[in-house]
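Read through the structure below, which is laid out as C-alpha cells, and then see the notes.
In this document, chain identifiers A, B, C, D and E correspond to the written order of the chains, with residue numbering beginning at 1 in each.
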C-alpha cells in the first residue's frame, strides 16, 4: 500500500514536469513566412492504437497517416475535385495487370523509417504479411480483422526485387487499392526493427513510420504531440508541431478555441458557427464527403415488412428541412446511399421528394392510418440527436410515433453489430467510403450478422450480383451505371434505408491558421497548413 | 449595608421567543454583603440560574438584560465593555456550575484549564502559573496534584471535577463566588464533601458567595441570607433562620412544608403545593403564585404584589402578607 | 492508540475485499463487448471469439476474479485493452492530476468553509450568518457543470483573465505558475459545493459546541471571546469537521467528473468515464479501485486523526503503558 | 371506578365507540395542526412549500397549461425571451422554453423524488434491521454499505447508469442504489440512539414484542430525521440526475428534464444564454425550496417544537 | 380491585437470591480478556406482599440494574428471581410476557420514558394492546379511567408528553404501569427529577394507589429522607451488594453499617438549627470503580473503621437483630 502511494506522488510530479519539458521548447522557433507553428486540434474522443493495421477509425487515422505511409495515399490537397483519387506514396508508381488481378508496385528508393531502418520490398511484404498471411510470425489477427475487406482479396504477395513488390488478388477488383484507404485498419508500413524491439503488443506505444511527422508523445485521453520529420522523402510539412488535444465536451471545445488554447475545432455546434465566423474564425466545408447519414430499416420488423410503410417513411422526411434547419448549411440532403465522395454519385437522384400527404395515403393503404409506433435506436454523437429528433417530428405528422432509444456509443456498436432484433424498427449510422462498393457491406445477403454488418437483414441476390459485376469492371463509366442500378433497386424497389443527409465536415480554424485544406475525407493532410505566430 | 460587594437593582432579563417574551427574571433586587453567603432558592424555571448568568453577563441571545442595574463594588457591570467584563469574570467574580461532568473542556488537561485562568488574570506565567495551579488543586483537596495536572477530565470522577472547577473559580481569589447548583449532580456523600469545601474556601478567601439551589437542606447548611424566587420574581428575602422559622410568603411556607425530613415518620402528612408553576411567557399582571396560593384574593390577580418589610425580619412580596402586616 | 489504529486497519480488509469484488462485477456487467473495439466492424465472429479467448474473457467469472485479485495483490493492474498501456502507468498520473485539483479544491473549501462556518456561528442569526446560510444553500444546489460553464464564460471568454481548459498551456507552458493559473477555475468549480457543505457543517457543529457547558465555564473564567472560539470551541469541533473534510476530500479525489469534463482536466474520474465508454475492463477496475482505496484511506486518516485528538482514546493507551 | 363499566358496560361501550372515533380523528387533527403551527413558524419553509406545490401542479398540469407542444419548433432557434410571442424564448431547436420547463418539471421532479423515496424505503428497512438487531448482522449490513460508500455518489451512479441502457428508469435506479448507503447510515445511527431511549425499555417492560416496538416506537421516532434528510436530498438528487443527463445517461429525446435542457443549451451558451440560464435557475431554486421545506419539517416533526 | 390476587398466602411476593450481573466491556488490548463491570454482585432480598421496600445507594451501586434484572429487561449472569412462586428467570418468552402483567416499572425521567410521538392516552393504553386485552374501545375506556385514577383529566387523552410538566408525565407513566393491574410495581427514582413542591404530590398519589390496588412497591432512590418516609423496609446498596437491610425506622434510627451511617449523616437537613456545611458528616474519597472493585469488603477503602480482615474477606449479610441484616465485620 505504501509503495504504491509513493508511486502516485512520483508519477504526479513526473507528469507535470514531463509536460513542461516536452512542451517548453515548442514555440522557440521563430515563425517564418508560410512555415512553422503549432496546430492544436481538439479531438472529440479518444484515439485508438498508433499501429495502423491494428487501429480503427477516422479520428486515429488523422494522426497515424501523418506518422506512417502506405504504398499509395489519397490526394487530399485538391478539395475542388469531386472525389479524392489515389496518388503515389511509398510506391512511386504501380501497374495493374490486364486481368485485373496482379498489382505491381515500384517502390521509392532511399526511404528510411524514423528509426533509420531502410524501406524496401522485403519490408513491404513483411507489413502485408502481418495482416494477410496467417503463417507469418508477425501475423496479427486483430490487424487481419480490421483490414478484413482489404486483406480478404489478397491471394499472395511477392518480393520481385529490392524495390518491386507484387500482390496477386483472388479475383479481379478495380476498387481494391482504394478500399485500403477507407478500411478500418490501414495498410501502412511500420518499422520491422521497432516491432522486433517492442513486440507486437507494445509496438503501438512506439510508433515508427516513414511519414512527414514523427511521434513525440502521447498522454492517453489527453493529447498526442507530433513534430515535423525534416528527413521526409516528399514535400516536408510546414508545421513544426501537430497536437491533438482531447476535449469531449462540445461547449468546452468552443470555449478553448475562443480562449486561444486550441486553433482547430471539428464538430462545432451548429448554432455557434455563425457567431464564430463573425468573430473572425475561418470556416472550412467539404461538400464531397464520402459518407451518408442514414437510418437502416429492419427488414424483419413486423410493420416494416410492408414496403409501403418503408416508402412512406422515406416520403415523410423533409430532408431539405434537415439541411436547412438542423445542419444550418453544414450539410445537404441525401436521397441515395451512394455518397458524394465517390465517382458513382448522382447529385440529381431524388426518388422521394418530401410528400407527407402521399406518405399518409400510403400508410393508410398499408393499414396504419391510425398510427404506428416504431423504435429507432440511435447513438450519442454529441449532436443532441438533432436530426433524429427532426425525423421524429416529421414522422409524427404522418401518424408514426417514433420512439428514440439513445445509446452510448460502445453499447450501440455492440448492438449494431448483432443486427436489429424484431422490436427495433430502425437504427442510425453515419458512414461511407470513398469507393461506391461500400454499400455492399450493409446489403449483401452473406453479410448478415454475425458474418457481417448487414444488421437490417436486407437481402437481394440481384443487388449482390450487380456489386460483384461493378468491382470487376475496369471502365468507371460502366461501373457507375451498375452502382446506380444497385442503388435504385435498394432505394426504390426494396427501400432498405432512409438516407437523410451528408455532413460537410465543418472545420473551424483560428484566423492565424493558413493553408489548411478540408479534403474529401474525414482525415486531413497536415503537411499543408502552417500557423502564423 | 454599606459594605455590599454587589447590588442588584430591578434586574429584568427577558428572552424573546417566537411564542412571546419569556420573562425569566423580572424585577429582582438584592444586595450581597462581603463575606456572606446568599442562597437563591426556587424551583426549576424560577429564574435562579438566569439571575446568576445575568450578573456574569453570560446571557446569550435571544436573551437580554432589558433593565436594571448590577453594581459590583462601585462598578456598573452593565456599563462595562465586553472586554472589561472578561477581565472581571473569573478574576473578581468566580462561578461554579451545576454539572461537573460537562463543565470541563474534554480535550484539554486539567492543568491547562486551571493555568489558563491564572494566566488570563494575573502576571504569572509558565512554571509559576503551574505552581499556583498545583497549590490550588491541593487547596481543593485533590490528592497528588502534581501528577494529576496533565490528566484529562475523563480521568477524574464527578466529585473531583467539581473540585477542579472550584479551583478554577477561586484561582484569582474572587470577591464574589457564584455557585449555580454546585452539588445537584452529585451523590450525597460527595455533596457533603463539596459543601464542606465550598464553605471552607469561602471562609478562607473571605469572599461573598451566591449559592443557587433548589435543595432547602443545602440552604440551611450554607446560607446566611436566603432569597426565594418564583416564576422570575422574588417572593421572600431574609436571614436564613428567619426564613426557615418564620416564613411569611405562602409559597415559602408551602415549599418548607413540602420537604420530607429525615425525622418524618411514615404516618406524617405529605404536604405539597397544588398545581404547577406557570411559565412566565407574557405573564398577566398580578402575583404569579396566585393560582396555587391558599391565601389568594381578588387583588392578587389585579396588581403586582408589594414589597413588604415584615415584622419578623424578612421581606416578602405578597398582598396577603401586606394585609397581615397592615392588620392591627 | 496503537490498538485503535490496528483495529481500524483490520476493518479495512473486508471493505477493500468487498470493493474489489464490486468493482470486478460492475466492470463485467457492462453490456457491449470489448472485442467490438478490438476487432472492428468487419471482423468475423471467430476472430472475436479468439480475442476473447486470448484475453481470458471466456473463463468463468470466479476464476477471472481470482486471477485478477491475485494480480492486484501483487501490485499488477494489468494492461489496458483499449490502448495497451499498463493500467498502472495510465491511472496513477491521472490520479495525481486529480489529486492536485482535489487538494487545491479541498484547500479552498476548507478555508472558505471553516472561516464562513466559524464566523457565522460566532454571531448566529446575524447578517453574516444569514448570508452564509443562503450562500451554502445556493452553492450546494448549483449544478457543477453549469457553474463551471459560467466561470469559463466570465473569466476566460469575456474577461480573458484565466485559461479555460486543461492543466497546462500546450504551447510554451507547463511551469508551476502556468499550472496554478490553469488550476484556478477548476478549483473554484470543484470546491464550491464542498465549501458550502463544510461551512454548513462547521456552523452547525460550532453552534452545538458553543452551547456546551464548558464554553459557558470558559466564558465565566474570563477567557477572551476570540480565544474561546479558536481554542475551546474549534478544538472540540474538530472531529466532525475533520470527518466532513475527509469525506469531501475523498469525493474530490474520486474525480469531480463534471469539472474534469468541462475543463478538459486529465483526471481519474474522466479517465474512468472514458474507460467505461470503451469497455476497457482493466482500466475500469484499476481506476475504480484506486478511487475507492483513496476514499477509504482518507477516511482512515480522519479516524486516526480524530482518535489522536480524542484524549479518551489516546490516553487509555497511555495509562496502560505506564 | 372499576365497578362502573361492569354495571353499565353496554351503554358505556356505545358511547365510547363513537367517542373513540371522534377522539382518534381529533388526535390526528391535533397532530397535524400542531405540526403545521410548528412548520408555519418558519416563513421561508412556508414560502418554499407553496412554491413547490405550484411547481408540482404545473408539472402535473403541463399537458393542459403548456402554451405549445414542448417538442415542436414554434419559434426562432435560440430566440430570446419575448420573441415569437414566447415568454421565455425558444431553445436551440426553436421549441418553447416555457412549455419545455413545464414538461421538464415532470421528469426532473420524478428524478428527484422517486429515487429518494425508494432509497429511503430500502434504507429504512436495512438501517432499522441493522441498528435494532445489532451484533454481527449490523456489522455485515454496514460493511456491505461501506463498500458502496467507498465510491463517490455521482461516480457510482454513473457506473451503474453507464452499464445499463439510458432512460429515466436507469437514472432512477442508479441514483437509488447510490443513495441507499447514505440514508441507511442515518437510519441506523438514529435507530441505535432511539433504541437506547427509556421509552423503548418502558415498552418492553410493558410487554411489547420486538415487532411492536419497531413499528410503534422505533420507526415513528427514527423517521423524523430521516424524512428531513431525505427531503433535502430531493433537491440534490435533481442536480445529480441532471448531471447524469448532462453526460447523456438520462432521458430519451425529445423529452427533456431541466438537466438535459441545461446540457442542450450550453452549446449555444453565448448566443442564447437564456437556454441554459432558465433551467439552471429553476434547478437551483427548486432544490433550494426542498432544502427549506426540509428545515421546516425538522421543526414540524419534532414534538418538542410543536408545544409552544 | 376485587381481583387483586392477594390470596396467595404468606410467602414473600418477590424473592431475589444471589442476583449477579456482570457486563462485559470492550477489551482494551487486542488479545486481552474483556474487562468485567460488576454492576450487581450478589444481591438477596425478599419483598413481602403489600409492603414497600426501598433500595438506596449512590450512583453506580447497582440499584437500577437490580430493578431491570428483576423485570428481566436484561438477562442476569446468575441468581434467581421468584415472583409469586414463579421463577422469573426460568420462564419462556411467552410465560415472561404473561409475567409482565404482574410486575411493572416507573422510570426516573418521565418525559423520556414516554413515546414522544404518542398521545399520553394511547401511551397508557399501550400495555393492554401488548397483551391483547380488550378491543380498541375497551382500551380507550380503560386508559381514560386510569387518567382519572392518577389525577389527570380525561381531556388530556390526546396530549403529547411534551405538552406536559414532569409531574403530569410521571402520573401518565404511573397510569401506564398500573393499567395492567400488576402486583408489583418497581419505582426507579420516580420523584428525583421533580421539583420539591411536585414531589410530594406524586408520593401521595403512590401511597394512595398502593392502598387502592393492593400494590407492592420496590422503591429505588438516592434520597434517604424520601425512602425513609415512603418505605417499610430499606436496603442499602454499595458497589453491587446490599450492605444493610432493615425496617426503615430501625435503620435510620440506628444504622449499623459504617456506610449507612455516613450516608445518613451526609444529608443536609432543611433545619435552621441543623448542622452547617462544615459539620456535615460523610466520607472521604470516591466510590471505587465497579470494574476493579477492591478485594474484601467493597467499602473498606473509605471505611473509618476498617480492620485488616476487611480487605481480605467479604463480610456476609447476617441478621444481627430482628429483621435487621448487615454485612460488616463490626457486627
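In the analysis below, a residue touches a chain if its C-beta (ideal position, glycine included) is under 8 Å from a C-beta of that chain, and two chains touch if they have at least 3 such contacts.
Here the structure is a predicted model, which means the values were calculated and not measured.
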| item | value |
| --- | --- |
| Contact-graph distance - origin chain B, target chain E | 1 |
| Third chains touching both chain D and chain B | C, E |
| Chain pair showing more contacts of the two, D-E and A-D | D-E |
| Whole-Å gap separating chain A and chain C, where each centre is the average of the chain's CA atoms | 39 |
| CA centroid of chain C to CA centroid of chain D, Å | 26 |
| Whole-Å gap between the CA centroids of chain A and chain E | 88 |
| Between chain E and chain C, distance of the C-alpha-averaged centres to the nearest whole Å | 53 |
| Contacts with two or more other chains, residues of chain B listed in rising order | none |
| Per-residue multi-chain contacts in chain D, two or more chains | 162, 165, 266, 269-270 |
| Two or more partner chains touched - positions in chain E | none |
| Residues of chain E touching chain B in the complex | 58-59, 165, 167-168, 195-201, 203-204, 207, 222, 224-226, 228-230, 232, 248-249, 252, 262-272, 274-278, 280-284, 286-287 |
| Parts of chain E lying in touch with chain D, wherever the complex brings them together | 1-2, 68, 71, 73, 97, 100-101, 104-105, 107, 109, 112-119, 121-122, 126-127, 129-131, 136-138, 140-141, 145, 148-149, 157-158, 160-163, 173, 176-177, 180 |
| Chain A to chain C touching residues, read off their complex | 1, 3-4, 7-9, 11-16, 19-24, 26-27, 38, 40, 46, 48-49, 56, 141-142, 144-149, 183-185, 201-202, 204-205, 219-223, 243, 245-249, 251-252, 255-256, 258-259, 261-262, 408-411, 413-417, 441, 450-453 |
| Chain C - residues contacting chain A, complex | 31-33, 36-45, 47-48, 50-51, 75, 79-80, 82-85, 88, 90, 92-97, 99-100, 149, 152-153, 156-157, 160, 163-175, 178-179, 261-264, 266, 270-271, 274, 277-279, 297 |
| Chain D contact footprint on chain A (complex, rising order) | 250-251, 254, 269, 271-272, 275, 325, 380, 384-386, 388-389, 392-393, 403-408, 411 |
